[in-house]
Amino acid sequence: MLIELPFWPQEASTVAGSVDVLSLFLALVAFFFSFLIFLLIFFFAIRYRRRPGLAATPVPTRLSLEVLWTAVPLGLTAVMFTWGSGLYMHNQQDPPGAMNIYVVGKQWMWTVEHLEGRREIGELHVPIGRPVKLILASQDVIHDFFIPAFRVKQDVVPGRYTTLWFEATRIGSYRLVCAQYCGTRHSGMIGNVVVMQPQDYQNWLASGADDPPAKAGERLFHTFSCAGCHELQASQKGPPLIGMYGKSVRMESGETVAFDDGYIRESILNPNEKVVEGYRPIMPTFRNQLNEDEIIQMIAYIRSLGTGDAKP
Amino acid sequence: MTSIPESSPVPVQVSDGVHDHQFDDAAQQQEAATLGMWLFLATEVLFFGGLFTGYTVYRSAYPKAFGEASRHLDIVLGTVNTGVLLLSSFSMAMAVQSAQLGKRWRLLGFLTSTAVLGAAFLAIKFTEYAHKFHEHLVPGLQFAFAGSESPHAQLFFSFYFAMTGLHALHMIIGIVMIVVLMVLTLANTFGPEYHTPIETIGLYWHFVDIIWVFLFPLLYLVSR
Amino acid sequence: MTYADVHENYLNASWGWRSWLLTRDHKRIALLYLISITLFFFVGGFFALLIRLELLTPAGDLVQAETYNKLFTMHGLIMIFFFLIPSIPSVLGNFLIPLMIGARDLAFPRLNLLSWYIYIVGGVFTLAAVVTGGVDTGWTFYTPYSSTYANSNVILTALGIFITGFSSILTGLNFIVTIHKMRAPGLTWFRLPLFIWAHYATSLIMVLGTPVLAISITLILLERSFHIGIFDPKLGGDPLLFQHLFWFYSHPAVYIMILPGMGVVSEIITCYSRKKIFGYTFVALSSLAIAALGFLVWGHHMFVSGQSPFAGMVFSMLSFLVAIPSGIKVFNWTATLYKGSISFDAPMLYALGFIGLFTIGGLTGLFLATLAVDVHVHDTYFVIAHFHYIMVGGAVMAYFGGIHFWWPKITGRLYPEVWARIAALIVFIGFNLTFFPQFLLGYLGMPRRYHAYPEEFQVWNVMSTAGASILGLGYLIPIIYLLWSLRYGRVATENPWNAKGLEWQTPSPPPETNFAATPIVTEEAYSYDIHT
Amino acid sequence: MSNTIVSTRTYVATFVLLLVLLAMTIAAAYFPLGRFNWVAAMTISAAKTALIASYFMHLRSSHRLVWIAACAGCFWLALLMILSLTDFWTRGWLQP
């Protein structure tokens, strides 16, 4: 039986190739210098091995050499830094028009919520050729969302949202793993990303859709009597929510805050730290009443009320 | 395994009684001890520094909650305590001077007053703790704080108790060491020739004072 | 007749257990450390062995997931805090610093003994945690897992680490004061052996970094026992704050482990190539540069943690900078060999192995400093491979090299040369076989701390486990022949390697007060090519 | 350096100055200066520290090395704070 030795992971996203090129460059540099040092050691060790009657020859320190081997690594690392940071910054910023999918990590599984209503556990279905932005939340400890074939990874931190985007380039099923140690069954927090043709993805979305999260969010909105203050139009007590998602809003403190997922989440949990200009800090907290999934549903509902003019 | 009683583990002494055998003279020993204590204080700066960093991060994130929570602290007791501690530092400085001059009873007097002032500081501090306990402002113990900033106020009080608690622990250690110094003074250990322990423990005491000099405005005077 | 009868020395100056447990002699304290550290090394090694056995097959079938998590946690904690950090400083540093600078002892001998006791108390706490059920937070104690969710002995372990930290602080403080205040007449800073420079730099990190670890662990203890919650996300606390505090110490801690090893290597390379070190000033100052810059790079452990990307860029840039002084050292060591008269005694084999493996470890660190690439390899086996190249390929190789090099000075006996060379080669081969495949595993995407793993990774894991068994053998052999040499080894002369340095100008083993008379230094370090 | 004996008068003067600074810091806290309340408080605390260190702790007459040790602690604390805050204070920058 021939044992297959895997050397290189699959490349299945738009960024995978560029990360690999940089990695290969680094590997080349690493190989060159390791080889250089090994070669020199071997050569000197044999050439200058101890022999009777042959003493060591004093060699004074040469400043030019010291400068050389300070400057060359400095130059090389400058290249690595610039290249690595440039690529990283590019990979951090999600392109406009990315579709949002919400992911919640909890010990020890991933739950995924598509805005169209489909929910899944341990699997993530995405269409090929379209930027996907994941909004990641954790119900308990820190997890990490890692898709090796896409070369993307992001810690999922309780108490806030982190985001990650990718654009898949190859149809297939790829491994998705938790890379941040999260407790006993950390190694079981593993699943698949399924990349599909857009049409297949649409069919898949339609095939087993539950209520869309916005629908569930609307129910929660009524259960918790949010409408009492946040009437959908302007109101005395709370700011309106229609057409607000994605807008920039002035706060009482004078600062300007983006009315985004993170702000909505914070406002539900800690309503009075950032109050919209013209309103009083009177909203109670819903800290102990909503879990991460429900907060996402609320956000989906508010989002469904229409987005503002700013970048969504 | 024959244990010969005469051969104690104490190494051969080339000491003249004033300095230990590894040093050449008393001056070298004293310089070493002073440098050692200052290095130790540098580690203490970083020990408290972790808390100061955390405090800065959260205060800048939740200025409102921190301001509101801070107003629940008793500024009168806090101010009195600052005064008490500054006075104790003065007393400690005078103790070092007395040792340098070889005035044994004056030294004993100043050490005693330093320890008593330190104890007074702790007494006031624990009175404050008792109040906080009654007002349910101790994190983890049925913490109750009116308003929606409650969790962030709890963060403030977490810092309050962690910072003042660790400070109080340092005070307690300092008082114990000063009591030891008092005993040694009674035993006539110190004089103009040898008073390094008084100096080094004095340094420690002043350092604990400095920590409070920062804690006081950071905790009590956030937003008055 | 035992070796101790040769002449009056620190080993035969007094007898009985009290003369050891209450000793203030830095040389005896060094031996106390040597014994305790060796014990911890084998406890940690035993855990490593179980980890590698579990990973032989993809299914988690040898131990349960919970047990596996405890194994890697305890392996990390014991190896880092109870072996690597104290290894070279507390054993070789303790023994050699006063000898190398011509002093009778460290500045604070009682404090030195206290450090050992603190180390032991911390060790007892940690071992008690192991025996009573273990701890499963990972050595990094990340919150909120460690503060809220873990159900294992976090408090006991954290207390153990907290206590041991003070041992490290006091040792570093002792070294700094000693090096400043107690050098022999004529021993100016730029005549100091590089071993001393390296330990000076190490001590700076111990003194200035360890307290931050102490406070972060204290906060976890408070959070766990009193629920005060400074890192609790439910209160608006930020788990990343813990990571900042933790890595402020724990990244420089890597330099605590490697810098003393660099010092050892400088001593060995010069002695066995009979050369003055190439670029003394650069090697000396690069130690300080590493210690200082090492404090500025901790954020590279947090590139994917949700840290601000701008902070990521700052930390990435600083991380590249710290590579420069490391490179300077490697180039200078290599240049020292040029036109030397090189012999291949066991310490030299370890030292050359160190240079090679440290080079690989350092260069693969560049992958981790490069933001875009780190995103992919972070928290995978690539990281595991990288830091084992630094810590095992680097620090442990240097430690073994140093133990062999100064063995005659410490014990008065020579180790068996042939066996020592064989062991050094076995360690080198076993090490590479164990850890090189892990670079590939990491890039393929195998996450670290996985009890069970997908099947496609098995081939490399089998290779790694096979290598580990060879490596384990390589570590056992020296223990056997070094113990053997205590009784049967040839009696060592004052200076068996014909080496420079004050420690070789006093009998082996040295007398209790180190030198008959305070030596006076008139030449630079490593003046090999002048007198031979 | 310990042989420099500081006079009682200097110690008393230092203590009185410290009390004055204490009064100032409290007074400053009641002026609404916004962010500058914090700046004022820290400046006064730093001044108090300088007094305590130079006179009570004899830093004025101490060896240069002691100075370095004292500054090292503060410098490293600054490193910890500044580099940590580069994270916390630039978190939102990428978001629009």
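The letters A, B, C and D name the chains in turn, as written, and every chain counts its residues from 1.
Keep this in mind: contacts are C-beta pairs under 8 Å (C-beta built on N, C-alpha and C of every residue); 3 or more make two chains touch, one makes a residue touch a chain.
Bear in mind that the values here come from a model prediction, so they are computed numbers and not experimental data.
Q: Name the two chains that are joined by the greatest number of C-beta pairs in contact.
A: Max contact pairs: A-C.
Q: Most central chain by CA mean?
A: Centroid comparison flags C as closest.
Q: Can you give the whole-Å distance between the Cα centres of subunit A and subunit B?
A: Result: the chain centres lie 45 Å from each other.
Q: So how far apart, in whole Å, are subunit C and subunit D when each is placed at the average of its C-alpha atoms?
A: Chain centroid spacing, subunit C to subunit D, equals 36 Å.
Q: Per the centroid of Cα atoms for each chain, what is the distance between subunit A and subunit D, given in Å?
A: Taking the average C-alpha coordinate of subunit A and of subunit D, the gap between them is 41 Å.
Q: Which residue numbers or ranges of subunit C touch two or more of the other chains?
A: 180, 208, 212, 234, 236-238, 240-241, 244-245, 248, 309
Q: Among the residues of subunit B, which ones contact at least 2 other chains?
A: As it turns out, subunit B has residues touching two or more other chains at 31, 35, 39, 42-46, 49-50, 53, 57, 61-62, 151-152.
Q: Note the residues in subunit D that touch 2 or more other chains, in rising order.
A: In subunit D, 65, 72-73, 76, 80, 84, 88-89, 94 touch at least two other chains.
Q: Applying the document's contact rule, which stretches of subunit C touch subunit B when the two form their complex?
A: That would be residues 13-20, 22-25, 98, 103-109, 111, 169, 173-174, 176-177, 180-182, 207-212, 214-216, 218-219, 222, 226-230, 234-238, 241, 244-245, 248, 512-513 of subunit C.
Q: What does subunit C use to touch subunit A in their complex?
A: Residues of subunit C touching subunit A: 60, 65-66, 69, 136, 138, 140, 142, 144-145, 148-150, 233-234, 236-240, 273-276, 278-282, 304-306, 309, 312-313, 316-317, 320-321, 323-324, 327-328, 330-332, 334-335, 337-344, 352, 355-356, 359-360, 363-364, 366-367, 369-376, 378-380, 440, 443-445, 447-454, 456-457, 459-460, 528-530, 532.
Q: Write out the stretch or stretches of subunit B touching subunit D in their complex.
A: 30-31, 34-35, 38-39, 41-46, 49-50, 52-53, 56-57, 60-61, 75, 79, 82-83, 86-87, 89-90, 92-94, 97, 100-101, 195-196, 199, 202-203, 206-207, 209-210, 213-214, 216-218, 221, 223-224
Q: What part of subunit A is in contact with subunit B in the complex they form?
A: My answer: residues 270-273, 281, 283-285, 287.
Q: Show me the residue ranges of subunit D that touch subunit B in the complex, using the header's touch definition.
A: 1-3, 5-6, 8, 11-12, 14-15, 18-19, 22, 25-26, 29-30, 37, 41-42, 44-45, 48-49, 52-53, 55-57, 62-63, 65-66, 69-70, 72-74, 76-77, 80-81, 84-85, 88-89
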